[in-house]
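Common to both upcoming complexes is chain A, partnered first by chain B, then by chain C.
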Partner chain A sequence: MKTRTVRAFALKEFVDLYRSRMIVMVYLLPVMILVLFGYGIRMEVTHARVMIIDNDHSKFSKELVAKFEHSKYYNPSVVQIPEKEALRSIKQAKTDALIIIPSSFEKRLLHGQKSEIGVFVDGSFPTRATTIEGYIQGTILDAASEVSARMGMKPKGMITLNQRTLFNQAMRDEDAVVPGLIGLILLVAPAILSALLIVKEKEKGTIFNFYASPLSKAEFLAAKLIPVFALHSLNIFLLFLLAVYLFDVPFRGSFMLYWLSSELYILISLSIGLLVSVITRRQVVAVVLTVIITVIPGFLYSGILMPISSMQGESYIEAHLFPVMYYNHILYDTFLIGQGLASEKIVLYLGILVVFFLFYFAAGTLWLKKEMR
Partner chain B sequence: MRPFLITFGKELLIFLRSVMLVLVVLYSFTVDVYVAGQGVEMKPRNVTVGYVDKTGGGISQKILSRLHMPEFKPPKAFLSQKALSEAIFNKEIRVGLVFDRDFAVDYRKGRPAQLDVLLDATVASQSLITLIYLKNIVLDFTDLAMPLQIKTHKLFNQNADTHQFMALSELLSVITLLVVILAAVVFVKEKEDGTWDIMLLMPVSPKVTILAKSLSQVFIVMIGTVIAVGWVLMGAFDVPINGSFWAFVLLTFFYSFSSAGIGLFVAAVSKDVMQVAQLSIIIMMPLIFLSGAWTPIYAMHPILQKLSLLSPLRYYIEGTQSIFFRGTDFVDLWPYFGGVIVLGALLYLYGFRKIGRLF
Partner chain C sequence: MPQLEVRDVTVRYKKRVGIQNASLQAERGEIIGFIGADGTGKSSLMHAIAGVIRFEGEIVYDGVAYHSPKEAERIKAEIGLMPQGIGLVLYDDLTVGEHLQFFADIRDVKQDEAFYAYRDKLLHMAGLSEFTDRLAGNLSGGMMQKLSLICTLLHRPKLLILDEPTTGVDPLSRLELWEILDNIRKEEGTIALVSTAYMQEAARMDKVLLFDDSKIIAKGKLEELVHEIEPYVYEKSPCEECLTIHGKSFSLKPLDAPHTTPSLEDIFFVNALKSQKLPPKIEIGARSDGTELPEIVMEAKGLTKRFGSFVADDHIDMQLRRGEILGLLGANGAGKTTFIKMLLGLYPIDEGELTLLGRPIRSGKDRQKLKAKIGYVSQHFALYKELTVRENLLYFANMHHIPPTEAIRRIGRYAEELGFAEYMDDFPSSLPLGVNQRFSVAAALLHEPVVLFLDEPTSGVDAIARAQFWEMLRLLKQKWGISILITTHYMSEAEYCDRVVLLKRGKKIADDTVENLYKSHPDAKSFEEIFLSYYRENA
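Let's look at the complex of A and B:
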């Protein structure tokens, strides 16, 4: 390998990136994705717009309404409208849930007769619906047990949950989302850049310079990929700083492990870009293809939205075919848990990542032709 | 009209000739939407449960028997709390329940009994829902001494099926992304290939050229949308369409103008496809963020709430959900149509003039 030639070519790529203002994008894009999604994804539901129809106007019903008013989870409004109109308001997406307190609610309860509170939740956003439903049930039952305790009706068999959440004590969405986002960004961004650097030459026809030059395949790849690798290596630190200082995500593991595994992961991403550039000839196709094959697994099989163990059938197998899941396991460990190399699983996953890299890179290199097609 | 049709047809032909591009677009409208819908399930499923039971059975076994498939895997017994925590650290167990001796005694005597729960919260959303599940199970064992009943209904989607929701959301993102990128690339391609000057020399008014070029891409995406809705959404996921299908098509049509407008703007300022790719992502991200697709708008910061009125995607997503799931009447859809049309017109006009200056 002629280092001088490679250096000259790599320098050309740097200058090219700099001139086309791409260098800004290389850093702006990851930062933007992390900041927007880090702040943007909220699983916790607060301020749910709850509409309460109180048909009873008794002490009980008012107490129940007050319970809702004093919670940060709801934005309740007490209204006197027919049920049909309330349902229409849900259809117009102005209300998330409707609670109907029946008439003679208090009287029936005091006489020991059955009384039924109706709760209607807008199910068009399923997770939010389940969460809101759970909150409302909890709030009503809470109010009920309070009232009955005060009236001397001792509830029997009260069980309270004393929950201790591990690794993410406050159940902050940031802690759960931000490390996963790093795994997404470092998969997508280097892949797009490396794919475009090669396909651009193909589409413009300047690839013939390479075909005709005495440059070997390995040297060409080195010249193309080293700049991308170097530029994105900086992102590893940039994203780390943002996660720890902007989002206050704790970092409990070893920084070396985080750094090295991230570099390895960038190499995998580069190889994916290389593979894409081998099979495409147009830049549009390269961009769309890279985005599709990296963003979807980066999001779905990353453990951001759902743990891999909860998947079933095909998606469980698919998740294991992408490198995201292994890297994210290491990421979440370094950020939230901190077992490091002491855990056998992490060593195994690091090994799997190495295999991924070797496989992708070898395939990309083998298929890249140094001749006219 | 004739020049328009010819340019329109030419662009379609160019699209069809690039086999790879056709395949990629088809892939995004079918397989991609399918994978997204199939993959995500936010309800707890196969949650691994471990427990330490020092009460000698009774109430603890009754609670454990309520944790069943498919939400929970059969609970695994551990001898000590230490062994249980270790398993949680290795991610073998996600939920740990500790029944200590006091628990059984308190429960039998009718005092409030405390059940210790250890929860792996690395996936916050699922942990939250799992916790709600547990709370409800435990509440069932509580005798309230009050004949109160709560009857809940989830409207429009009884089982809270996330597959349908995710597939629909993915389709909307695919539509947005493809319109922007395709509309931008039609122009930038000419710049890159050096055929821009030839295009200028054509005896066709620039306005017609721009209109025909961008509309041809909108047309391609509309066809893809129909395929995706008919084949993937309805075929594979049985997504209900409680509203009118034509309302959705119309909404998509108007919406694609705002995306195409962004595409035109991107085309005007970028020199090559590489810049198109990055610019469109940089512009689309905030729009997606402000659309309420991730965070409900009413839970945002007040300033962001105002800003979100500027995101055409906001009206599109909410409108589409209303059409598919809520089955909102056509009359009540006017805010969505209004927003999409006004923003679409503004954005398209802006992009149109921006690229028109290059002619």
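Let's look at the complex of A and C:
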């Protein structure tokens, strides 16, 4: 391999990327995905519009209402209207949930009798409904346990909840979504760029400069992939800064691990792009194909939408066939947990990523022929 | 032993054969011409020799034998390949100077003083010395081809393979390209394999190979080949089983007519006769409705177009009369295409007045009413690759609101008359350029226009298809009385025009009938010489 030749070719790629303004895309695309999705994906519910009908007007019922009023999760309104009318308000999507406190609520509780609170939740968005339902349950139980503790009584059927969320104590969506997005972005963007750089020459005809010259395959690949690798390496830092400073995601692990595993992951991505460029002839096709084969697994198996451990059957197997799951495990560890290389799983996953890279790169290199088809 | 020997080379593609059992030999310093229509195997053989495609057979260069692209790697340092297509190997975003640097670097050329002297010499020969800072994307077609050629020459290849380096290049640039080539082969002893669509260039070659039907059908010096066809060429006379083109008749059987001197292109016509591949006869039926036309169909007064500080067309006056074929000639970048695009409203007019069919054109609205009367065929034939010929034509008929039954009737008629009926269900990309060209014109004729604007419709089309194309234009003029404005790089075609306008750097430098031009240039043997004399004057 002649370094001068590779350097000259790679320099040409840089000049080309710069003059064709493609360089803007290299950095704009990742930032856009992170900002749009980072703010756009919301799992938690705040300010749910809750209508409360208090038929009791007792101390207990007022305490319960106060619990709702003091939470950022609800926008409660205490009303005195017939049940039917309140339900219509849900139907009209003006209210998310309706809570009905029965009359003699306090009296029954003091007598140790069972009391039922009516809760109606708008189920048109099932996940949202489940979330709100869970909140309300929690709030009521919380209030109940407080009251019972104060009164020094242990009513039957009253459960004390001791919920604690691990690693993401604040239950912030940003913490859960943003690291997963980095795994998506670094899979998609380098792949598109590397596919484009080779297919562009095929489409234009300049690929003849490679076919007809003594330039070796290794030199050509190095010249094509080094610029992509270098440019996207900068994205590792850019995305880190955005995650930590714009989205306030905590970073508890080793930066070295984050950095090196991300570089490895970029290598995997550009090898995928290389593979795509071997099979396609048109830039449009190359872009669409790359997007399809990277975005879908990158999103589904990123752990953003669903944890891999809760997947079953085919989806569980499929998740293991794409590199994104392994990388994201390391990502979440470095951001939220910080076990680092002390965890055997992370060492294993790093090894698996190396295998992914070697496999894709070997396939692309062997398949690329220095001749017309 | 010859320096280059090609033995029984065959190139196969998935569905067809590119070239079959081709053999040739070449000595140092020889220029060998590859001549033949589109798709007859010239490029396939060139790709095989350059080692960029798999082939059967054996090629020996300088004692090194190779049978595959992999084995050819050993001699790639000696080879220079310039594939077909204008500016194909150039990067739009790199400047002329950066290209030379890049090509030297990827070939690992030692950059010492001798290199820079050679580089400057090449730049000077190509007339690009002043343009080293210009982006390749902003060069004209001829400049792109000259740049491609000197990039190919930069590492001093000993085996130069040039696939139609002069197609789409104006006569002046073509002359310059050949001068570069001639110098190189004399100084370096380079073997040059050159394919061309211009028969005049064949005269500059040491040996020509004639290609037809994926085979080499004849080899030898050009004079010998022309001499061989003499017995089959007659003056124009009525005959059967023969071809009558451009005032000559070709027949294998003896005709009762005097013989005439054959020209180079006639080799193709005789060959078509021999291989019994008579081109379909072109006819044109009467148009559906007669239209009254003004005497002056198009009149431009002081038409000007600027791109930034660059003046593409500088105050051009032009008239197109009823039933006239007007040839618009000029070097690459002289402003021909820009002018046509202004006529069509594809570029806004910066200055000047335009009158079409008696109406002054001031806004898009004025044009809208005339759309139905104008037909246009662009340089690149604006056809849809994903639609078959039939579907393409139906689509264009729809665009012009032609009732379906009438559209189908007209499409069927054109397919018969213009000889592409057998290709109706094929995709354009699988057809020879000549067929694509005729059916592009059919698409432009569907709405029966009264004016036809044709932008280089014949570039890269083989001699027979071009002859048919001109026959079609002649008939259109005769039967329909329509006016045609056409641009071309084939100077021999200028002679079929009623009148020619010559553009040079955005200015009109001549506007006269072909006859008058010959009178004012008594020494000129061909129209090409007239063209060159205009271009050399006060250059």
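Heads up, the rule we're going with is that the second predicted complex is superposed on the first by the 267 of 373 C-alpha atoms of A that agree within 3 Å, B and C clash if a C-alpha of one lies under 4 Å from a C-alpha of the other, contacts with A are read in each partner's own complex, and residues count from 1 in each chain.
Everything below uses one rule, namely that contacts are C-beta pairs under 8 Å (C-beta built on N, C-alpha and C of every residue); 3 or more make two chains touch, one makes a residue touch a chain.
Small disclaimer: the values here were computed from a predicted structure and weren't measured.
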Which superposed partner A:V284 touches (first chain B, second chain C, both, neither): first
Touched partner set for A:H232, first chain B, second chain C, both or neither: neither
Touched partner set for A:S20, first chain B, second chain C, both or neither: both
First, second, both or neither for A:P214, with chain B first and chain C second: second
Partner with the higher number of touched chain A residues, chain C or chain B: B
Partner chain(s) touched by A:K224 [first = chain B, second = chain C, both, neither]: neither
Which of chain B and chain C A:G138 touches, first, second, both or neither: first
Which of chain B and chain C A:A176 touches, first, second, both or neither: first
Touching partner for A:K204 - first (chain B), second (chain C), both, neither: both
Residues of chain A contacting chain B in one complex and chain C in the other: 20, 204
Residue ranges of chain A in contact with chain B within the complex: 20-22, 25, 28-29, 32-33, 36-37, 39-47, 49, 75, 87-88, 90-93, 108-109, 112-131, 133-138, 140-141, 144-145, 147-148, 153-169, 171-173, 175-177, 192, 196, 200, 203-204, 280-285, 287-289, 291-292, 296, 300-301, 303-307, 309-312, 314-315, 318-319, 329, 332, 336-337, 339, 343, 345
List of chain C residues in touch with chain A within their complex: 47, 50-54, 69-70, 73, 76-77, 79-81, 83, 85, 88-91, 93-94, 98, 101-103, 105-108, 135
Of all residues in chain B, those that touch chain A in their complex: 18, 20-21, 24-25, 27-28, 32, 35-36, 38-48, 59, 85, 88-91, 94, 107, 110-129, 131-136, 138-139, 141-158, 160-162, 165, 177-178, 181-182, 185, 189, 192, 271-278, 281-282, 285-286, 289, 294-296, 298-299, 318, 321-322, 324-329, 332
Footprint of chain C on chain A - complex, ascending: 2, 4-5, 7-9, 12, 15-16, 19-20, 204-206, 208-209, 211-215, 369-372
